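Order of writing sets the labels: A, B, C and D. Residues in every chain begin at 1.
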Amino acid sequence: MDFGPYLFLASLEGLVQAAVLSLTALGLSLVFGVMRVVNVGHGEFYMLGAVLAWWITSLISIHPAAGFLIALVLSPVLVGVVAYAADRLILSRLDYNPEATIVATIGMLYVLQQLALIYFGPDARPVEAPFYFRVQFPWFGYSGYKLIVVVAATGLLLASWFVIARTRVGLIMRATQFDGEMARALGIPVRRVYSLVFVVGAMFAAVAAVLIVPIRQAHYLMGLDPLLLSFIVVIIGGLGSIRGTIVAATIIGMSDGIISVFFSPTLAKMVSTFLVALVLIVRPEGLFGAKIR
Amino acid sequence: MAALTLLSTDKLERSFGGLRAVREVDFELRQGEIHALIGPNGAGKTTFVNLLSGRTRADAGRIHYRGRDITGLPAYKRVRCGIAYTFQITSIYPNLSVYENVAIAIQGSDKFKVSDKTAEAGFCNAVLSVLGRVGIEERARDKAGNLAYGHQRLLEVAMGVALEPTLFILDEPTQGLSDSEIDGFCELIIKIGESATILLIEHNMAVVMALADTITVLHQGAVLAAGSPQSIRKDARVQAAYLGSGLT
Amino acid sequence: MSKEKSAKFDSTRRSVLKSLGVVTGAGAAAQLAPGVLRYAHGSAEPIKIGMQLHRTGIGASYGRWYERVTMAAVKIINDEGGINGRPVEVIIEDDGTDPKRGAEVVEKFATLHKVDIAYGTLFSHVVIGSSPRAGELKLPYFVVSEGHHVASGRLNRYVFQPGITDVKSQVISMAPWISDNLGKKVTMIFPDFAFGHDHRDYFSAAIKKQGGEVLELIPIPPTESSFTRYFPRIPAATEVLYHVMVGPGVLTFVKELGQHFGSNRPEIFGFIDSLEAVDLATPQLEFLEGTYFWEGNPRYAQPNQTEYDKFYREKVGVDDNGASLSDAKDTSTYAHMFGCWETLFIIKQAMELSGYQGRTAADKQGLIEAMESLSTFEEGRDHPQGKKIFNGKIHQSFGHQYISRVQGGRLNVTHTTSIEDGLYEPEADYTRMPL
Amino acid sequence: MTGDVGKAVWLHAGVIFTLFAMQFVLPDYHHLIATRVMVLAVFAMGYNVMFGYTGLLSLGHAMFFGTGMYTAGMTVYHLGWSVPLAFTAGIVSGAFVSLLLGAIALRTAGVSFMIVTLMFSQVAYLATLYFTSYTRGDEGLVLPAAARSFSVFGHVVDLTDPATRYNLALALLTITVIVVFKLVRGSTGRALVAVRENEPRTQMLGYNTFVIKLESVVISGSLSAASGAAYALLFAYVGSSFTSIQYSIDALLFTLLGGAGTVLGPLLGSFIMFYLIDIASSYTAAYLLVTGFVLIGLVLFFPRGLLGALKTRWLPWLP
């Protein structure tokens, strides 16, 4: 294939990658930003979102589009419930101590992953795309659904930006992020904000997963890659910086997509990871983030 | 007493964001004196001593210690040059025994090698004698975190003493102590003053007047006045500053 | 040890199968989740077969079916009086399709379960990781892997692959047909590990021999989940796209292949591995219509189906479309799993030949020499896939290969290779190795 | 406090002796497991130097283990080096890699340090898959039987012999116990703990805390590498799964369970966890569920781990 179309395809792939990644990473970033804890189990919320989407669509055998839309709503809700339980039963009891939380969320990672294995099996599970059409470019064909994923993700990102920047809920969240103590003093129910943020963060991952699952299939081991990529994104974007997260996700997603096409996906992952190292040498606090202690 | 200059600063400068916390401070500390640094809240006292101890970097200006420029020296090296520092908010090793707290300090002073047995015995005695000097010897085996606040303060001083410093910077050591404790504390500081030069940030005027040979008054990051306690007491600007900030 | 709970997924990792005498009904064995089944009238000390199973990891879908086939075959063997009058007991350990875990499982078989033989591994990297331990522990190790590593002589005298033809032979036998009927300019897509490398090396060589050429080699990690990014590397001049893929991503792989090409595609020749355990009727696979696949054993019952294949399908619980009798969506790994069936009957044959009694050095030696003395397996109930020639020097079988075309959403065999097509000069001689 | 030292020395000597005696009573399989676990315990003890004593939470130790393992394995496989030489090479490369990683990663602290170590370890993992021509990717390297014996002073050591393996593993473990014991009882150990407990204070007592942390990383990394190298040479297989995140987490798990900041904790943790998983695995394919529950349970109810609890309750002298 000639260079032009080659690069074009690469960027399309990168775009899809970036779209899904920014949703997933945003969830992780929100949780860190507001609660100052790292959720190592984040990738499993993503996995759970995908697997539940398969489960839901396989239960209701109506038109795939309808089934998918139901899953798109229901799956993240269920994941949110799981996240809420995790927050109440584990994280809040640890008083959100950063290191304890890391260990606990690693534990959650295994619990969720292995339960998925027990109840949904070790096989990759397909989910029907709500609709299917090929966009035929002169040089190659491309899944129309993938393009829709990009659009949908962008919409969601704008919406969440609006919520965080323009609404009262967002204000409360930002206040808590800025200074938990002060927020408490101002009578903000910090604990409840934490629960909310943790749930929302998990749901972001789940939504991203439901969007991607018709392309990738659902599998109990699918959680690790998005987790690592999200880590890369939040580090480069600066832990807790929404803007940084989205910019970084686009950079990483595109570069990953493009390098994958021209060289090798494995190499792409290695490169983006090294990128993190560089960023840390130059700016330990990330490109956009505020210094973290 | 000998008017030998131990430490001096030249147009020392430090800002945080827009705020000039320390502005062009020229300051001189004479060997062997007990020097008090006073001033209303937010006058930049803590920032200033942090610049001296190396915990924060200066934006401009120079620091000379024993005639040597130490402006670029990292904190731990300044400590090794004999500048000890106690934090405004008590900073000890709460989970370790009182003995360990001081042991760490002594080891940091590089005066002991814990390798061979005889040295180890000597080391142990050294620790206990330091604890003795501040009078918490019998607490050696207790967990530092369980000590009463006053004793924790003493422990932190002990950690400073253990370094056998030439210059000992104390940031509001009497803060939160009861009057009786304060008296004991003053005696202790005088005792330490026999072997070290002392720079003291203090709010409690009684303490200042009791201890200080020299006083420097900081106001809005700049030196307002410097001199003997008597001269400072009389100084109109100082009174203005204090009254202005509602302090006495 | 626990009985099986969910029919959806067998949560029992090690399971012991004493005689299936207690189980009734055809196909029950396939449904039967392995748990402990007490030997109805336990007389003789059983012969223990340690099955190294891909129950989790990228080989899971194969593992599920390898297990069902094994149970079916063992039931028959036991119903007919076992081996040398002793019932066969299968002890299953999951290797997670991971070579590291595989080696540990082999050790566990030898030192904890004290099995007579180890058996049943598919993925080549697991075989390669496990074989040396089997050799050191002097544990006869029967694999059903397709890889060329056994025949290559890289392993050791304790490792056999009697039930299924190796990749080298498969591709040699099919290369002529491909270059004659599909084209000579080939691009290869293959998984980037031992098994895929066998395809890369031996098919490239074979097609060159036919005057063809390989335009591009595109290796893909077996754990990959998104494939479009690889397709631009397919040169426009490609006449034949040769694809073989494994792992959980296979369905995504073929779907994205379809999206990429649509109607204007080159000739496509795939190894059914790219579609094992995947229902051909899945939406978006229509583009495969008219493409060709290698099949080790035809998934769809053919017009000329033998009675043996009928019997085999019935016992394993597979319908005429190669799907589970109990769940038409549960497509089998039909092109590979016959190897388990045949391997077990060959083990039986060899043990009876050597009068195998127990785990003594002499008995094991006898078993191995008996194996090496075998030369042909005639088509029959024990060998439903067809006749095979066994080379004792390289511990490898050679059989017929099937080339099928997708027509009307099913696979119809259009060409069957002869065994001779796939024979090559032995590269090694295990029989010279000390025991 | 010399009495305490005495007690501690006797305790550790006792443990080592027990392990030595065990080999004569253990049945085959458990003999084998004990061999594995002793090697893995060295890995965990290395991890503990960093996590338990210095308070640096790393999720990248699989990289150090892998460095030792691949260096030892590849020098034997490709260059035909002798076992002792390969082992040494493994440790040296481990020290080098940990020095490099430390220099970079220690610019960060807390959670970002954790993430950075995780990232680097992931690069190492991907590298083992990417450079297939040297590492044989997913398939891994199998060390030829020929390369598995060496002679010292004329008498041949055969690594395929279980007894030899057991005692070599025990030897490695013993050396590690001595090294770590001396380390944490000595001045370095005191400095490590000081950094863990209160870094700013430690700085203001004249310590160069960066160097101390770097020291800790290198010691920790080298021990882990030693464990990896030993594992490769004893069990003759080198594979990418050993460098996966799973392995970094195992080190953390073993340490937490046994008790972070105690010399013997990781050893205890390794034994218990290995058996827990092995038993669980005979009931379900989802045996890693145990790992999950243990981690959560520990952090919720048993943050100090087993020996940690003992130490705080009854045995304050436990090093």
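Just so we're on the same page, a contact is a pair of C-beta atoms (placed from the backbone, for glycine too) under 8 Å apart; a residue touches a chain by one contact, two chains touch by 3 or more.
Fair warning: this is a prediction, and the values are worked out from it, not measured in the lab.
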| If we look at chain C and chain D, which chains touch each of them? | A
| said: Farthest chain from chain B, going by mean C-alpha coordinates, please. | reply: C
| said: As a test of whether you follow the contact definition, which chain pair has the most C-beta contact pairs? | reply: A-D
| query | So which chain ends up in the middle if you average the CA atoms? | reply | D
| query | Using CA atom averages as chain centres, what separation in Å is found between chain B and chain C? | reply | 77
| task | Averaging only over C-alpha atoms, locate the centres of chain A and chain D and give their separation in whole Å. | result | 33
| request: List the centre-to-centre spacing of chain A and chain C in whole Å, with centres computed as mean CA coordinates. | output: 38
| task | Determine the centre-to-centre distance between chain A and chain B, using the mean Cα coordinates as centres, and give it in whole Å. | result | 50
| remark: Two or more other chains are touched by the chain C residues 11, 55-56, 221
| Which chain D residues sit where two or more other chains touch them? | 129, 284-287
| Touching pairs among all chains present in the structure | A-C, A-D, B-D, C-D
| For chain A, which residues are in contact with chain C within the complex? | 1, 5-6, 9-10, 13, 117-124, 126, 128, 132, 134, 136, 140-143, 215-217, 219, 221-222, 225, 257, 260-261, 265-266
| query | Can you name the residues of chain A that touch chain D in the complex? | reply | 32, 37-38, 90, 93-94, 98-100, 102-104, 106-115, 117-118, 122, 224, 228, 231-232, 235, 239, 264, 266-267, 269-270, 273-274, 276-277, 280-281, 284, 292-293
| Which part of chain D faces chain C closely enough to touch in the complex? | 27-29, 31-32, 129, 132, 136-140, 142-143, 145, 160, 235-237, 239, 241-242, 281-287
| task | Would you pull the chain D residues touching chain A in the complex into a rising list? | result | 57, 104-105, 107-112, 114-116, 118-120, 122-123, 126-127, 129-130, 245, 249, 252, 256, 284-289, 291-300, 303
| query | Inside the complex, what are the residues of chain D that reach chain B? | reply | 186-187, 190-191, 193-194, 197-198, 200-209
